[in-house]
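The structure's right below; bear with me while I get my questions together.
Labels for the chains are A, B, C and D, by order of writing; each one numbers its residues from 1.
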Amino acid sequence: MKKILNRPEDVVEEMISGLVDAHDDVVYRVGDTRVVARKYEGKGKVGLISGGGSGHEPSHAGFVGKGMLSAAVCGDVFTSPTPDQVYEAVKAADKGAGVFMVIKNYTGDVMNFEMAKEMAESMDNIKVETVITNDDIAVENSTWTEGRRGVAGTVLVHKILGALAERGASLEEIKAEAEVLITEMATLGLALTPAIVPQAGKPGFTLADDEIEFGLGIHGEPGYRKSKLRPSAEMAKEFYDKIKPALNLTKEDKVVVLINGMGGTPLMEQYVFTHDVLNLFKHDGIAVAKKLVGDYMTSIEMQGISLTVLRLKNPLWLELLNDEAKTIAW
Amino acid sequence: MKKILNRPEDVVEEMISGLVDAHDDVVYRVGDTRVVARKYEGKGKVGLISGGGSGHEPSHAGFVGKGMLSAAVCGDVFTSPTPDQVYEAVKAADKGAGVFMVIKNYTGDVMNFEMAKEMAESMDNIKVETVITNDDIAVENSTWTEGRRGVAGTVLVHKILGALAERGASLEEIKAEAEVLITEMATLGLALTPAIVPQAGKPGFTLADDEIEFGLGIHGEPGYRKSKLRPSAEMAKEFYDKIKPALNLTKEDKVVVLINGMGGTPLMEQYVFTHDVLNLFKHDGIAVAKKLVGDYMTSIEMQGISLTVLRLKNPLWLELLNDEAKTIAW
Amino acid sequence: MNHGGIVVWLKAWADQVNAEKDYISDLDNAIGDGDHGFNMSKGLTAYLDARAAKPAETISDEFKMLGMTMLSKVGGASGPLYGSAFLSMSKDTAGKEELNNGDIVALLSNALEAIQKRGKATVGEKTMIDVWHPAIELLKNNELTKEAIDGLVNATIPMMATKGRAAYLGERSIGHIDPGSYSSGLMLKHLLSVL
Amino acid sequence: MNHGGIVVWLKAWADQVNAEKDYISDLDNAIGDGDHGFNMSKGLTAYLDARAAKPAETISDEFKMLGMTMLSKVGGASGPLYGSAFLSMSKDTAGKEELNNGDIVALLSNALEAIQKRGKATVGEKTMIDVWHPAIELLKNNELTKEAIDGLVNATIPMMATKGRAAYLGERSIGHIDPGSYSSGLMLKHLLSVL
């Protein structure tokens, strides 16, 4: 393991310190918790919180700020945060209109966030609603009762719901919008190299020098297929051909495309892939109303990329995506 | 070589396409050149251009836009662009008040940009001024007559001079500010892993599993010392202890700190390093007025990091850094 | 069994998880994210530290200390599951100084219910429940042995996961021990030792 | 030498650079950024393509085509340097159909001056100038041989670079052939073949 760090067990603590100190105009740390909250108060507005294991930077703390998340909870690397930490985030985020939780669909995240919800409701009378994102279509299968994983599309959910909250929507309105939103997006990712959890010190899986994994999750969970490395255009086509039917995309649709680097992927490769992806939409005459390229939801130093498509069922979503946000990384 | 790309010889073309298509609200491509220019016109204002070899993304095209660069020229990977391309950028950037070139101190860049300057001056009567950035103190030595290399600090020069141009400064005013600015900054970088130029297909140098290179340039040029991998705090201290005397920093100074990932460095590690760097300033009581963390001037997929310090000799620089910019990556 | 017995049980379990944490994480590597050993070790070490700093006075407090520690230090899936289990045991033992075998069976049954309420998994989904559920049945009939527990843990090998992170592997989850079942197996074996 | 001889010279040089592009890049890897072979090959291949598409009519046009191609296709340090050199040769040969040895010496001297004007390096800084300069002196005295050229190229090995990218290595630049000197050596050897 070759990393810039001190003791592996301190990595999350030190990372939070570095982030909060570097961006003290936007965020602060709640007491001695692992909760990063925004300085902008948003009085009377619904608070939006998210979080999960660390290692997905800039998610989630990088998206805390006016117009996006009110607070983010940073678990240990790739380990969902504990209920007491999430509970602290709920309390920090509540400005009188309740708190909305964006949870990625992982057993641990769901359980820990739900326990925190129960705590906040019973102990503090804070109204809490949730949405569970599940945009990763790699593992969809009706017999797998966990459903799909929540991955990069979650960032779009943060932005859209964050802007909605900032515009003054109620908890119920946000909940209603969220439930539609998550059905209109699909993501697929691939990895060229694994991620190394600092405390583990070795990669969670291995890939041969010419091998990639299609459909990989953001914690190194296996995907749907190993394959030889193929040209960018072919990999883009493989994803496009799965996402298009999954969202029933037609010429009438407008979409948002998010091309997401997994942490170790140079922008050079991300833009080559972007070029290939946009060509496919152009070819089919599907309008891409907004494109985002960069590291949004990473897997530490993994080299890989994911493609998220959001069908703009509601034109308001595009407006909300374009609303101003004052965060570290949006 | 494991990369997301099609034919290695097409990588720059496709990358530019991807970038321009993804961000067509901010930039456009000048004809069939490799010049990325901003859509914002800035009529009557000095045009600021920069560029160099590709592989440093988001530099330089990512910093094109209102309040920063007017245009960027993308050479082949790690190869400075040709004079005719730079000349196209000058023409695109000239809006009546002349063009200012920010050149990183490499023989090739200096020669090609200067030839373009001569072309624009003689053929189009465009007034052109230049500054040659040389912030990398790793290779300073009076007998090495090339002087120092221009590295990540160049991005601060882009931002400060871009904001100055946007505020309406003349070519001469920008030149005068630029010449002071470049003397007030210092950068040191280190690498854990090498970069791979797509067309070369193999790394330009190798490092053992536990080895790092201190003082490395942004093209994989060797630095001042190989060493065993050390804790982040010690590496931060090594850089700090060289930069502080180089800039004669004292308690009276205010500085800007730029912590720059080299392309393959996860944000997790960048923030751990940030934590260590900021502790050193805190310890010495030197005020850090602004901190930037992220991938600004990369070396393709290199894992590594650099530290740039700008001494705020002129308080205006901080204002200019904080002026609004509408670019892809600032 | 009195408070002292409970402490012996839980400490022995903690020690063994600490000793085997790499192995347990490797089990999780095969079908999950490779952290189950570290997660459990972090929680159980924190429990040992907490009780070293200030020992619990009663059986109920002992379980509460462990449950709260698992809940607040572990995270992931196993934190809230084990946390809920031991908090349930704490509730069940309020005021008790001595537990007989019937008490233990009831205790475990309620803890299992708490796990299922939280995790919504049932038997056959390749989770810790596949050890807890049949083990409790065997214990009821006085048939629970260490070999039987090993058998239950190994019986998760041919299962396909439909709950937890391993479910994302689908058929690729077949052929591996479920790590949570393994850590639960260790717990039950050390319980047997003190019964 | 007439236009035909010039073409034989330049094409032979281009072919050999193409054949040795990996080796030349490896030389640059040791003390630069590993692209000199690719850079030169890219420029010279573009020149071959350009002249295949539309041959130049005169010696001066031949040099101009090569010079402009190097300038507009190569980039880096070598592009403007070789570009300036051949554009200087184009200027010097305007209207000429035949070059004698004295012409060639004058031509090369002026080209060297153009390189120095652009790159501001002098003898002893471990650049292509360390081949160009002494080679021209030898040619003046009719003493230039292929062995002599190899000698000049190898003489860059013990030098410490103070210009170009290799200068950033300081003392670590000692012990390696300068890649630009090597490509210039190839050019001069093929010139010798047609003289």
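Following the convention adopted for this analysis, a residue touches a chain if its C-beta (ideal position, glycine included) is under 8 Å from a C-beta of that chain, and two chains touch if they have at least 3 such contacts.
Quick caveat: nothing in here was measured; it's all calculated off a predicted structure.
Participant: Going by the average position of its CA atoms, which chain sits the greatest distance from chain A?
Facilitator: The chain farthest from chain A, judged by C-alpha centres, is D.
Participant: Report, in whole Å, the distance between the mean C-alpha point of chain B and the mean C-alpha point of chain C.
Facilitator: The computed centroid separation for chain B versus chain C comes out at 54 Å.
Participant: Go ahead and note the Å separation of the Cα centroids belonging to chain C and chain D.
Facilitator: 75
Participant: Roughly how far is chain A from chain B, centre to centre by C-alpha average, rounded to an integer in Å?
Facilitator: 29
Participant: When the C-alpha atoms of chain A and chain C are each averaged to a single point, how far apart are the two points in Å?
Facilitator: Computed from C-alpha means, the inter-chain centre distance equals 31 Å.
Participant: By the document's touch rule, what are all the touching chain pairs in this structure?
Facilitator: Here the touching pairs of chains are A-B, A-C, B-D.
Participant: Using the touch definition from the top, list the residues of chain B that touch chain A in their complex.
Facilitator: Going through chain B, the ones touching chain A are 2-7, 11, 14-19, 21-23, 54-55, 57-58, 62, 77, 192-193, 209-210, 212, 229, 231-233, 235, 259, 263-276, 278, 291-293, 295, 298, 300-301, 303, 305.
Participant: If we count contacts the way the header does, which residues on chain C are in touch with chain A in the complex?
Facilitator: Touch list, chain C to chain A: 25, 29, 32-35, 38-39, 42, 71-81, 118-119, 125, 162-165, 167-170, 172.
Participant: Would you tell me which residues of chain A are touching chain C in their complex?
Facilitator: Interface residues on the chain A side: 53, 75-76, 78-84, 106-108, 111-112, 115, 139, 141, 143-146, 149, 197, 199-200, 204-205, 217, 219-222.
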